[in-house]
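For reference, the structures are reproduced in the following blocks.
Next come two complexes, and both contain chain A; in the first it sits with chain B, in the second with chain C.
Moving on to the complex of A and B:
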């Protein structure tokens, strides 16, 4: 119940105060939601729309939501942003989604850091271990123990 | 989106009233963990404040302050009495405040529109005062910078004051015109904040609730544990695990309640405990069902796809292939095994899929 109430409040806040370049899309399950992100300020991602999926558990906000980039072929979202911390399968290596999560953070703060994550990126490349990770990655990004070694991006 | 999100109170309620800075004030009074107004707030050693229940539950996960990540202990949490009084006070006033500020902002809007469309004095303008303002603006525009504020002031205290009268409710003096037209209504609708402060903010009540202590379950027999639960008037059914987690949850609810200046009756706490327990059961069922339906078939699909891919690669190299179109269960199990991570550079815990594999092998 606690998780549900908090999600509702967050959604309401997001609905009333929208974020630039970010649109929230709800599903009929309150524990699953999508957001589209567009970063026009960065030439790497210009004119592109990316989609993020959040899967929230009952333990929220004590544990972070599972968050990854997804494709939505029907809507023309066919790519996962190319970024040194984003894998081909959409998994994101971001400490906020793992060890650095605390209940103070919100869906909004994740979206904001994803947005700046993309906006500040200058390297058009995948993580160095992308191909091996892609083959063996668990379905849920939260089952991966990422090592957050790069603070520069 | 709006159709889906039901009405819950949230700081952004103030965003569109005439004092949007209240958004910040509202959010300051809320707990960072549950985003509700703080209930029985407690202060950490690093000076941050949370609902007693929330921080106690979080400290089981991580013994750090969610805001500043300093190490904190449950034993060092202190009641934050003043904050609780402030929260209760604001909660009581909130609806009225919101209503009043929203109504005022509508009036403001109308005034602003009136002063912008200087020439158009239409029949829709209802009140005499506003007609005056419109014409005032017109004159002042011609002169130069009129200053909207002075106009508004003018509206609130018209130059021709007239005789003063005493409000029968708050005993203050106002021009009779103001008194009759707006003040009495306002005064009747205002909670008696100025007259009787004590009626909103509860005083610290002296209750006799003693905090419960953590139990060392390893040294307790089932019977003694059940006795302890029975003493607290809690149910004693279920297995050992359920008994222990029931006690622990109640411990948190109870101790958090002790931090409040207006503690709830133990009955209420027991009801909360029952709700928690039933939500737990529902969650477990739900989880099982999801695994059965979705997780399982997805897993098979995933395994097939990845097998298909590796097979295509291997075909060129003329490596021995398995008949992937086969749908019988033995092959599926092979496929899943082959889809397991073998030498992954990143440690991936694939507990879930290995579980499935095991089930399948059985």
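Moving on to the complex of A and C:
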């Protein structure tokens, strides 16, 4: 109940006040939503559109939504952004999505983090443990206990 | 009655004067030198008091309130040396970093903190749940959330943290805040988390590994442990609930197997677990009439309900053989394995060796596992032994003290079966030969005595139990003797170099 009210309010807010480079795409399920992100300011990601999937639980906002990059081949979104904190399978190593989450964070604050995550990145590489993680990764990124990599990048 | 049953009556008095544990000290003495491991038993409550005392002391040193020091120490994971060092260096920095500063970062100072109440006409609009509420809580940072949300937030955070901070900033909640919000002493959960952290950080402490036991053991001469383990002695300690465990391995008592044997055995079992899954099954079919039989007691003497065939659960051979040649199911049938391997003549030699070693392993694993399962069954029976004692008291009209033989026997059975179980791990790592033959003969004797006492516990009629008191006492006495012999035989095996790792 609490989750539903809160999500509705957040969605209304996102509709009223849009974010630069970010588009929200709703589904018929209030607990699943997508967003596309483009970061034109960074030559690494120029002319690219990326897609993020949010899966929200009843425990929201006390637990963070599961959030990962996905492909949408039909619409030409064929890649996962190359980033030292983003795995080939789309999972994201970001403390906000795990231990640093508190219920005052929002879908908006996650999107803003992801956007600046991409905008400020200068390294065209995958996480150091990408190949091993890829093989053993659980379906749900929240089932992974990330050791947060150096956040200075 | 046989002569044997009278043997025990003379010193039966000493049975009551010695506590169960004292008896078992003696039994495991040759491998477990109790005076070498000096330790203290702690309960979680006592640990909590210890931590509180630590706080009180530090609160005097720093001249700060108790609550404040609790949060400080929790943030520092109870490393008080580091805390004092940092605090003496720059108290403001420590306070700011931990969200304990009384000066708000932006200079604002919020007076009216704590529990807040509102009216229906002018309710509080909570950012987290987006609902209008009548009760809220405000910290000194000015951030305010409804009480329901705060409670859910605490429940979620308490699982992972020592210190809980404001959902919106770095200000830490004190134990007082937490207790007010939760309406109970919710902060004690945090303190329990702290105890976990404290015990895990300090090598001199260990949790009792027994499931559902929260007792803690503190070893006072921890520097001696490494030497004990190197010389094949087992640093056994006993928790305040009477569970014995190895302080080195943090695992149930594995007497007579030394720690290195135990570690290798456990790893081997883990690696080969798939191969032997079929063995762990609790049901077998009667070798005579194929009726499915479920084992529900600890004894290995099985009687088929349908055809009344009596057989041994371990080897499925007829029980008749087990009275005279009881060690038949104890000894790995080397010739048998040889025969089996001959049928695979065309295979490579290495294949044969692998197969042979797997068969050998399966043999010992099977025995080990059967006693593991039987231990669980014994345990559930021991859990109700107090009830049986009461029933025997009331049903037969004997005194409580006279009925205690059941409790003592149950404890003897559990300990002896554990020793038997671990002796199979020892046997697996022994070279074949005269020494192992001797070892396995002693082992077979122990197995026999274990089953004999286990069988007595199958009796449910209280009058029969009371009548069989002497049988219980004699069976226990025999079991203790044979357990002692097993420990000595293991020591001998280690000393003469039969044990190979």
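By our rule, the second predicted complex is superposed on the first by the 152 of 153 C-alpha atoms of A that agree within 3 Å, B and C clash if a C-alpha of one lies under 4 Å from a C-alpha of the other, contacts with A are read in each partner's own complex, and residues count from 1 in each chain.
Going forward, a contact is a pair of C-beta atoms (placed from the backbone, for glycine too) under 8 Å apart; a residue touches a chain by one contact, two chains touch by 3 or more.
This structure is a prediction, so every number in the text was calculated from the model and none was measured.
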> Does the chain A-based superposition show chain B and chain C clashing or fitting?
Replying inline: clash
>> With both complexes overlaid on chain A, does A:2 touch chain B (first), chain C (second), both or neither?
In response: both
> Now for A:99: first (chain B), second (chain C), both, or neither, which partner does it touch?
Replying inline: second
> Between chain B (first) and chain C (second), which does A:113 come into contact with in this model arrangement: first, second, both, or neither?
Replying inline: neither
> Looking at the overlay, what does A:55 touch: chain B (first), chain C (second), both, or neither?
Replying inline: neither
> Once the shared chain is lined up, is A:11 touching chain B (first), chain C (second), both, or neither of them?
Replying inline: first
>> A:36 in the overlay: touching chain B, chain C, both, or neither? Say first, second, both or neither.
In response: neither
> Thinking of the overlay built on chain A, is A:24 touched by chain B (first), by chain C (second), by both, or by neither?
Replying inline: first
> chain A residues touched by both chain B and chain C?
Replying inline: 2, 5-6, 8-9, 61-63, 102-104
> So in the complex, which bits of chain A are touching chain C?
Replying inline: 2, 5-6, 8-9, 59, 61-63, 99, 102-104
> What part of chain A is in contact with chain B in the complex they form?
Replying inline: 1-2, 5-6, 8-13, 15-17, 24, 26, 58, 61-63, 102-104, 129, 132-133, 135-140, 143-147
> If you look only at chain C, which of its residues touch chain A in the complex?
Replying inline: 127-131, 145, 149, 152-153, 156, 160, 165, 167-168
>> Help me check something: in the complex, which residues belonging to chain B touch chain A?
In response: 1-2, 4-6, 8-12, 15, 32-36, 54, 57-58, 61-62, 64, 66-67, 69, 275, 279, 283, 298-299, 302, 306, 340-353
